[in-house]
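Look for chain A in each of the two complexes below; its partner is chain B in the first and chain C in the second.
On to the complex of A and B.
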């Protein structure tokens, strides 16, 4: 075999090995995420498809049989004044939830970026509210808000901020929603703070050193360096706030019971599906919540997310 | 020992005992060799809104060989579980809760097996004071599991301190007594009404309406509360006025029934609950670790518009979901639960070891007789008397299938009226409009 031919054979073998290796490398990631895909498919996608289908079917346990109804379920839920009220309330939950959780997330992220004694413990403690179930948080905060012996009333009265104990939830729409939102903000802010902190830690210190040399103020550094460069983390924090606020249920269920004053889209969905047993309308509301969540999340990502390279 | 106790109980019950004897004799067949041997080794899942009586369950297993997984699920969550499982046509329990308020719903949806072939309706009617709450068109949707009814409780110590010498028998006198307790500064806001938008507020209104001499829905489910002179209208106006005037603690706008009872009445922040639950004296107010009013609170005949009023029944029942896997074992279990001796024991007739926590009253007359005879539960004789002489079903035709929507309209609107976001007239109009919109 001539040297030329041997070289050609080697080249051919090398190509096929590269192709095989390439195929193997391409397949490996898919194989690794396959179990997760199956899991998500079974527990999220399949129910979503069923919900989407169910939203167009008349499915009322008290008025059988089931049949296709087109947009009938949607018309019915929109003609329900309690549902309309819950849409308005949920809008307020989103405003309070996203603004407060992201704002506080940035604040705590910036604080935790600095090295100080006990920082690790503070970080671990911060994650605790995130780990607690919503119902447990609702119960804890119902004690805090309690109009007879709650710590919020006693603290504010001791500080002479209020003269008599107050009802924080149940009387006025915006006030009730604000105080219920605070419970959820307490839960989701730690994750927002950690996302912001992770983004902050990725920013090279040289950028701040250069800015200092150029005489930039702290606010100018935050505005020109920090905020633009933490946009990926910020986008995720905003989406998290959106998803949680749009789907708020546990805290409303515990603190507000069934009052329309601060009902949410999810609490109304629960009442319609499991109280009224109108599963078709329940599916329709769930689908609306899902579509709204996806649309707003995509919008948030489009507006906030920017690819950052150092 | 067990048999002799049952025989002794039946011997004391006379004519009433005949019905119980019929039910008990059916129960005995379950313990018979043929039935018991075929069920031995089976495990049934039971989903109930009461904590498990572990010692009693061990006795049941020893008697029948049937093992019981008793899943104590909070009431609201249990209703969601039942609906979810039924909608998905999936198995979740062999025995589950059938609340009085769900009977119309389950009769319409057929989510539970009819029980009349296991428990003859005539026997059930004669042995159980609140049987009709579970019967619809001659179908037994569930068996009464307890004899819960809405009753009035007062803190006698507070009332005496206010100079009140006898219990009120009319609403006018009741209100006047409450104002006296308030005026003397014994309790700042003496009346306990849970105004959170939840089921407890709805049942309070039903009981108040009964005290005013009426009912909220007719036997054809037509609203009977729209006229300002109707008992339902007056009852709601009375409740809202009581809240706004300070007779009810301001904080109660956020309180659900269990919160109001445990936080207010048990801690002497209030002096009376007009629509309390039978059994609360023994299970809440007289429990030293949870109460500051041990020995002070008693049941009284509910004051009415012109004399003693009615006590509405709100019993819990048990039934067999359509998707149950072990129906004969489930039937055996229900029969065991319904044995008068066991019913009495669940309510405390045999002391604390066999008690089901928060269990209000035995479901059948045999169990009630056992309980009263034991003398171990405070107020048992009063409750038995109220149950036999003043009890009435909340709805004359039983709970409608759409009860949940009705109750939702009731509690959201009364809550809104108390919060001041709508008037009583608007609340009444809104509830009536909901009833009209529902398929009668």
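On to the complex of A and C.
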């Protein structure tokens, strides 16, 4: 865990001077960054340009040829009720995903703030869900959610919370989205917790000591010292949660299995582009989603991020 | 002391944290070691009583019940390994070299180029998915290891570069300045002095890249959904989509996909936390 503190200290030392170069080394920096730039140019920037362009071209494998269509693709996707449903669903995924992952992340971060025996092991075990593939998580949770043999049903029934076994995913929109979202929250909470923890450990302990001397309660300390000072970490956790939930696909693909009840923007885009082979409409949805993702991330950073000086 | 008053709360909290983090994985492991009849018993058994390994034998193509699943998990395990490792090596080499130039050398358009690389960090999957499919189809790279490795690399490079950039920035420049005064060339400084120091940072970037590669789903789903290239994620989703496959076997396949990241998390956790922090805070 000392690694976190070391990083926090390093960050304060600021940027260092550039190394002076000898003669004949002027080409070297370009040679060093060129392979990186070629990759990013060819397989990230160029495709993005193609997406932006393709959104305005009619491109349907079942209805050739391709031609410029202006906002035609956007009109088609907006008039599609399944697409509109996926917008609404994705909004719910974002709300559940961000609130739950950040809330749990703060809770876990606070739990791990003070040193105790075995903290390193607890931290390692907490990170596990973050490291697992989303698809695998969807698969193991779908067995937990199973309507006939699932452990969630049997546990809740024996605890008398429910009277009959429930179909958690597949019937009701909000319920389905909540339970699919929960699987993603399971995956991304460790990230939020680590970001919160890193900010927590950068808070000087003198602040708490002073508060103790002044007789502040634990809750007052959390509210007045901890939460305001972890804003930078929280900002990143919110953005990560936002981007992940706007892009939710793996868990939906496994648990929702093509139904529209809980379809996400990404699963709908996948269906339109690779199921219906309508690349034009797929591009239009992709462009909308890309712009929304970037805009919301910037907005979240602007709202939450405030530079903290000690 | 106030702390002792809240001590029991912390213990309960840690208990909740551990249950939440581990139970789903434990449940999959538990199910994978049962017969189908046991897994469907009510109430469910929370411990495997007989330790049945037939599910694992079946998904790898051995034993009597393998026919129903075609035993494709072995190949998928190989595919996942080749693709994730290939992408990790390529990403790490390119990101480390590029990040050093951005962090320590000075050249024209440096700020602009750096900004371009960092800006691609914000690009969601949507932005590139369909075009990458069409580009790789044109190049004949769909359903090849090379195609998938190239795509993974392009996706992971910005984050790995950012992690390595922060690691280089955190080094005190004095060592490099001293070496420079002693007449060492930039490349000598990079290879002999800087690289050995940032090895932990490289480990962090490599581990995070590998885990990302291991978890990839939508790109390989689109780019390589035949047995020859499909990774564990795609194979597992296909397995769970076929309703004839018993859940005990599906969970065994899930445990195979979980095992590799779980071992990495358990033994190399320090680097992961370090890498996540280096990749995001600043």
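Here is the rule we go by: the second predicted complex is superposed on the first by the 267 of 310 C-alpha atoms of A that agree within 3 Å, B and C clash if a C-alpha of one lies under 4 Å from a C-alpha of the other, contacts with A are read in each partner's own complex, and residues count from 1 in each chain.
Basically, a contact is a pair of C-beta atoms (placed from the backbone, for glycine too) under 8 Å apart; a residue touches a chain by one contact, two chains touch by 3 or more.
Since the model is a prediction, treat every value here as computed from it, not as a measurement.
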item: Chain B versus chain C as contact partner of A:45, first or second or both or neither; value: second
item: Which of chain B and chain C A:195 touches, first, second, both or neither; value: second
item: Touched partner set for A:271, first chain B, second chain C, both or neither; value: first
item: Which of chain B and chain C A:279 touches, first, second, both or neither; value: both
item: Partner chain in contact with A:261 - chain B first, chain C second, else both or neither; value: first
item: Partner chain(s) touched by A:170 [first = chain B, second = chain C, both, neither]; value: first
item: First (chain B), second (chain C), both or neither touched by A:236; value: second
item: Chain B versus chain C as contact partner of A:147, first or second or both or neither; value: first
item: Partner chain in contact with A:63 - chain B first, chain C second, else both or neither; value: first
item: Which partner, chain B or chain C, touches more chain A residues; value: C
item: Overlap of the chain B and chain C footprints on chain A, listed as residue numbers; value: 142, 146, 148, 257, 270, 273-274, 279
item: In the complex, chain C residues that touch chain A; value: 2, 6, 10, 13-14, 17-18, 20-22, 24-25, 27-28, 31, 39-40, 42-44, 94-95, 97-98, 100-102, 104-107, 110, 113, 116-117, 120, 122-135, 150-151, 153-155, 157-158, 161, 169-173, 176-177, 180, 185-187, 189, 211, 214-218, 222, 232-234, 236-237, 240-241, 247, 250-251, 254, 257-258, 261-262, 264-266, 269-270, 272-274, 276-278, 280-282
item: Chain C-touching residues of chain A, taken from the complex the two chains share; value: 1, 3-4, 7, 10-11, 13, 15-22, 25-26, 28-30, 32-33, 35-37, 39-40, 42-48, 50-51, 54, 104, 107-108, 111, 116, 120, 122-129, 131-144, 146, 148-149, 151, 154, 158, 186, 190-191, 194-195, 198-199, 217-218, 232-233, 236, 240, 243, 246-247, 249-250, 253-254, 257, 266, 269-270, 273-274, 279, 282-283, 285-287, 289-290, 293-294, 297
item: Complex interface listing, chain B residues touching chain A; value: 79-80, 83-84, 86-87, 105, 108-109, 196-198, 249-251, 253-254, 256, 263-264, 269, 401-402, 404-405, 408, 411-412, 415-416, 419-421, 439
item: Parts of chain A lying in touch with chain B, wherever the complex brings them together; value: 61-63, 82, 142, 145-148, 165, 167, 169-171, 255-261, 270-271, 273-277, 279
